Amino acid sequence: MSKEMENLKSEIIRSSGVNPKKCMRCGKCTGTCPAFDEMEYHPHQFVYMVESGDIEPLLNSKSLYKCLTCFACVDRCPRGVEPAKLVEAVRLSVIRKQGANHLKADDIPALLDDEMPQQAIVSALRKYSK
Amino acid sequence: MQRIGVFVCWCGSNIAGTVDVEKVSEALKNEPGVVFSTNYQYMCSQAGQDIIKDAIAEHKLTGIVVCSCSPRMHEATFRKTAAAAGLNSYMVEIANIREQCSWVHKDMQSGTEKAIILGKAAVAKVNLNAPLTPGESPVTKRALVIGGGIAGIQTALDIAEAGFPVDIVEKKPTIGGKMAQLDKTFPTLDCAACILTPKMVDVAQNDKIRIFSYSEVEEIGGFVGNFTVKIKKKARYVKEDVCTGCGICTEKCPQKKVPNEFNMGMDNRRAVYIPFAQAVPKVATIDPNYCTMLKTGKCGVCAKVCTAGAIDYTQKDEIIEEKYGAIVAATGFNPISMDKFDEFAYNQSKDVITSLEFERLTNAAGPTAGKLLRPSDGKHPHTIVFVQCVGSRCDACAEKGKEYCSKICCMYTAKHAMLTRDKYPDTDVYVFYIDVRTPGKAFDEFYRRAVEEYGVHYIKGMVGKVSPEGDKLMVRASDLLANKQLNIAADLVVLAAAIEPDKSARPLATMLTASMDTNDFFTEAHPKLRPVESPTAGVFLSGTCQGPKDIPETVSQASAAAAKVIGLLAKDKLMGNPCVAQSNELMCNGCSSCERVCPYGAITYADKEFRMPDRTVAIRRVAMVNEAVCQGCGACTVACPSGAMDLKGFATSQIIAEVDAICK
Amino acid sequence: MQKITCESLIEKACELIENGTVSRVIGWKKGEFDYDLTPAVFANADEIKKNFIYNDFSGANFSKYLIKETRKGEGKVLVFLKPCDTYSFNQLLTEHRFDREKVYAVGIPCEGMADIAKVKAAVGDGILKITSEGDELIVENLYGDVNKVKLADVLAERCVNCKSKKHTAYDELMGEDGEILDNNRFDEVEKLENMTEDERFAFWQNELSRCIRCNACRDVCPACTCEKCVFDNPKSGVENKAIADSFEEKMFHIIRAFHVAGRCTDCGECSRVCPQNIPLHLLNRKFIKDINTFYGEYQAGEVEGSRAPLVNYTEEDIEPNDAVKREE
Amino acid sequence: MKKVAYFPGCTLKTKAKELDRYARKSAEALGFYLDEIENWQCCGGVFTTSRNEIATKLSSVRALADAQKKNQTLITVCSACHNVIKQTNHAMQTDEEFALKVNNYLGAGNEYDGKTKVLHYLEYLRDEVGFEEVAKKVVKPLTGKKIAAYYGCLLLRPNSVMAMDDPENPTIIENLIKALGGEAVVYPYRNECCGGYIALEDADSAKKKSTSVVASARSHGAEIIVTACPLCKYNLEKNNPEAKVVYFTDLLAEALGVKEDGNE
Amino acid sequence: MQINNEFKPKIVAFCCNWCSYAGADLAGNNRLAYPECVNIIRVPCSCRVNPIFILRAFQRGADGVIICGCHPGDCHYTSGNYYTRRRMALLFSMLNYLGIEKERIRLEWVSAAEGAKFAATMNEFTEAVTALGENKRLEDLRCKK
């Protein structure tokens, strides 16, 4: 593992509070995930890849923005690993970088319709931008 | 003042090579109490032992020190030597000048100096030794087995076989336990009833065995060899000795809507019932929670139809007190509740069942007469999903699941899958697994057969959610090897629920002062070398109350426990280790510190009268050590603030004498 | 809050002895001066009315007296317990040291007791009379001077760092109950911990070398209630009647503190009675602090029947080698 | 009348005014008053689980601190606000390092110690008012209506923090429906995600999820779907124009007889 | 330095009968050398070691005291060493608080199989105590010759 990845891994673990070593690779998170079809890397892969330091592919993956934060994986994990928190931490490590926002305020008007509640906009901004 | 003899062994050149043995025996001559000191090539040889015996006689020795190899090697030898010469064997101390001196040091001079120091320490200790006699206690030659499952049955049969009377206490109306509910057994696929029920009959017919069914242990007192136990025989409202087990009452009882626990509540029984055809004892029991007569005083049908006149609505609980020399815990297991795992929809659909329920569904004596039919609509299921590790290996939160592997699920699931495919080849069977664990004779072959010969779909992954839709159960799961999420429309979902110790184990452990782990499994005296004994002397462990086990393991452990019990009951008297704690009543505060650290429950308290200096009498609570139970660890001696508690053979004064001798 | 006065206690004591609830009363009796009170047992109302006293110097913790007193005679013993005393009371009950049935405990609130050394330091020697007025003490001396000192300024050390105004045991409570307090009682221990090894050694060498081995600390300690003390027992390996060497001082105080570790209620009596003013409570508090950090908060005497930390364990306890800071 | 601190949230002031209005009216009919805290700010809509994300959680902490000053329980109606505020409160209670950083931001004198009790309006009805009491106040029972509760994610998960109900087999809304005289339809997708905020940039994904929720409710016979979340309502309605989705406060107000247009 | 080289400390090792004493025997069987100054006292269990014994050893001239027991969880008496661990944690901390050199006292878990660990531990401990020199802070002058 490169020094850089080593640092990134420990930052992700620290900020998420998740211990990926607890994972016993049962795949219940992935068996549970409602966003499975939209993701290229699935919850159990996030856990495994962070643990093994193979984080680069995750940083560039659209999967980061497909997690619905529905916490189903968090609740159902038999080991208390909380994969959603790990996905969030990886995403934050990307969007916290200068200019790396996934969603820009300027993009929003085009995405709106009349009925969409404010809640959707603020939530998406929280999830996708810094 | 002691008259001490010192015997320095050369151990050929093992000691004499690095230690000047002559100098050692010479130096120790001048120590207080020493009246004789010599050295010899091999003290442990017959000639060496004769030197010791002769010296004891000739010099009227009251204590001896042997400077030789480790006491772990020859302490027992020299104790026997001393005893043969009429000296109390606990008047012997060993100075370990081989393993802890000559073998680890190179220099003759410093090695000799150290040997002298070790010898002096031993002499200092012996000066304070007192003759010790192992305590003796009689043994009640009767055993109690708590739990009448296959573990309890096997233990009881083996003990009875050796000629000792044994009682089984079973809280249910019949013995047989979980195994009686099973259909087939892995890996040989014998029918469980075919191999269990003959054993149950053996138990019933063995005149050394008494069965207290529908009974519970209320109170346990005493200690190894001398337990006193109170057993509560719950009122079954049927005279056990009169009932012929004809079953007419169970057919005529008008109360038909009682969930049948033997069939996991999947059908009903009457208020008066015999759990199953081969029950032992085969007598009826009236369930007071449902019996109309007992609840309202109106009915009495069973009494009318009983030609034997066995029904007795006035029966009361009965307490029986009995003495036992040994107690075996065989309290067994239960599947955990599925309430906290409703992502699998156990509480939302009747067609989501546990593996034990599946056993009943496939059992010829079960609610469907052995036909595999869905509980909801009685249809034949075509797609069945088995989910492994439901609640096992789960440490997300303690109230939900169990951190341990339940051990038996992989094999019984393979069995279920295989038998289903065997009987109903038109069924698709999926097994979701995290790992398939099959250590055991012919186990992995069995699992492979399920895959290779019977075409069971084993999928590495876990079910995330089961959604009842229409008459289907939509199963969403992962297939980790294919990196896919699967959606299977199943007809039946079977959950391999984790197993946990029976709830009665915890209060029983408290009564026995036997220790338990955090999961409420009984702890072994030693996990490797004494696996069927509890650390509490006289208490033995049989079956799953000690940890998850399959039937062959349970039976072997049950027999092993029986062997230990037989070994104990075969003795007329128990000889204790005399190096036990003793409490000085005059100094004891009665504060309970010692009791709290004692791992064996060897300490009890009594109020004693003491004559005070002013001639008044004061009553004080003081500790008393049960020498038969104490194992001599000494934890109490340090917990005791006043120093009232001391350890024979390793007394405070003796250890201090050794410290002083070494540091001089 | 209702201020408890000497009169109200006398009234209560007389009432309980006259209505037969109790047969004896443990209380304070005036000594030579207003500030040197001695514990006493009263058997009738007249004695109580004549000699019973309660003032800002009624610091003595009576819990320990119950052991001997409850073994004597018939009937119950009345004891007045300040909040801190109830901890000792509970601890002794936990250790089965007296029969609860033979005691009638009346909880009394406490705003702190005065330390005569601090009073003398404030107003000088030659004190004749001390009375209390509001939150002040009025001190009259030989020379006819009348000085006032605030009670808050002359509080005994243990009261400065009072750990609780809440009674943990009583049959009857006079006044209102208070709360368990936040306090800074470990500050001094921490200060010592932060010194170097050499500095700590010098500090304690200086303190403990003053010990005259009078055994007052042991005799007053409500946890030191052994039927026979190890220091009086020739077989214990620590017996010694007098200090003969600097080692003895350390041995005595280490073992004394160790024997009460996990049982000490931090009542501060040891330091209060030490004629040499050795801060002995700092030894006990070190153990309390360590126990709190290593094994979780534990206050002896807070809950009757609780399992003391030294007769308990978990599988994950700290290793002794790590219990001592290694980085120095 | 008993006052409880109330955090409405931004959507309740705009797109989901009826959720707010009927919550207040029903509360009064049931004998408590929603005391809107002053100067509240948007909760942010989602809780960022990262332990070092401080700034985005401050508005929630301020709301919690406000409620504490009033010495009141803090009630929310919107599922999202509820989730964010409850999770923030939990972090303040359990993550010392986080709490310290937050309190440094809040400044001396404004620290928050985690002692406010956060309840969802539904919890308040169940635990404080009691569904039996609610049933007694019903004047227009919803008799004959087949109503499916839609919980979504935010009310129930993560269960260790939300601790509102069994996350896999919840009963709180069903019991409310029963108390109001309606027939509760239980269906497996009631705790599945509607797609949430993803609707903004991946409408297809949201559509997939929302349609399966509605299909599941319908296949079990539901006529009306009830929710507590404006975003859930949006997603379900947008992707299933024929579905009738209402807020639980709507039904509540109707049954209690405090809804103006009872004939909709 | 000269003095230190000549200084030979006196070390008392309390070893539990079931694990550490057997570990010491194994060190002997394998001829793993350690200094002569280490003298072993056999106790049934490390929980038999009273703090009084330790102080007594220092009083009588020991320069270092080491307590050895079974690894936690392996105690022959199931729980003895857990109590030892608590007692010694408090005692060590107290001695250090009084300014006694922390290197003079140690607790090690040595199993019956760890002969090599026993020898290594004793070598290391002796070295540490030798570096400290004579025990002055807990000495009893009357016991010095």
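Note that the chains are named A, B, C, D and E in the order they appear, and that numbering of residues resets to 1 at the start of each chain.
In the analysis below, a residue touches a chain if its C-beta (ideal position, glycine included) is under 8 Å from a C-beta of that chain, and two chains touch if they have at least 3 such contacts.
Because the structure is a prediction, the values reported are computed rather than measured.
Chains touching both subunit D and subunit E: B. Set side by side, the interfaces B-E and B-C show unequal numbers of C-beta pairs in contact, with more at B-E.
In this assembly, C is the chain whose CA centroid lies farthest from the centroid of subunit A.
Across the assembly, the mean Cα position most removed from that of subunit B is the one of D.
Chain B has the C-alpha centroid lying closest to the overall centroid of all protein C-alpha atoms shown. Averaging C-alpha coordinates per chain places the centre of subunit A 58 Å away from that of subunit C.
Put simply, the C-alpha centre of subunit A and that of subunit E have 52 angstrom between them.
Work out the mean CA point of subunit A and of subunit D, and you get 25 Å between them. With centres defined as mean CA coordinates, subunit B is found 48 Å away from subunit A.
Among all residues of subunit B, those that touch two or more other chains are 343, 397, 465, 597, 639, 652, 656.
Shared interface positions of subunit A, i.e. residues touching 2 or more other chains, are given as 37, 72.
The set of subunit C residues that touch two or more partner chains comprises 230, 236-237, 310-312. According to the touch criterion at the top of this document, the contacting chain pairs are A-B, A-D, B-C, B-D, B-E, C-E. In the complex of the two chains, the subunit C residues touching subunit B come out as 71-72, 94-97, 225-230, 233, 235-237, 259-260, 263, 307-308, 310-312. By the touch rule above, subunit A contacts subunit D in their complex via residues 14-17, 34-35, 37-38, 65-66, 68-72, 74-75, 82, 84-85, 88-89, 92, 103, 108, 111-113, 115-124, 126-128.
Only residues 189, 192-193, 197-205, 230, 236-238, 244-245, 247-248, 250-251, 254-255, 257-258, 261, 283, 286-287, 290-291, 294-295, 309-315, 317-321, 323-326, 328 of subunit C touch subunit E when the two sit together in their complex.
By the touch rule above, subunit B contacts subunit A in their complex via residues 343, 389, 393-397, 401, 432, 434, 460-465, 476-480, 483, 485-486.
Taken together, the subunit E residues at the contact with subunit B in this complex read 10, 12, 17, 21-22, 24-29, 31-34, 36, 39-45, 47-53, 56-57, 60-62, 76-80, 83, 87, 119, 143.
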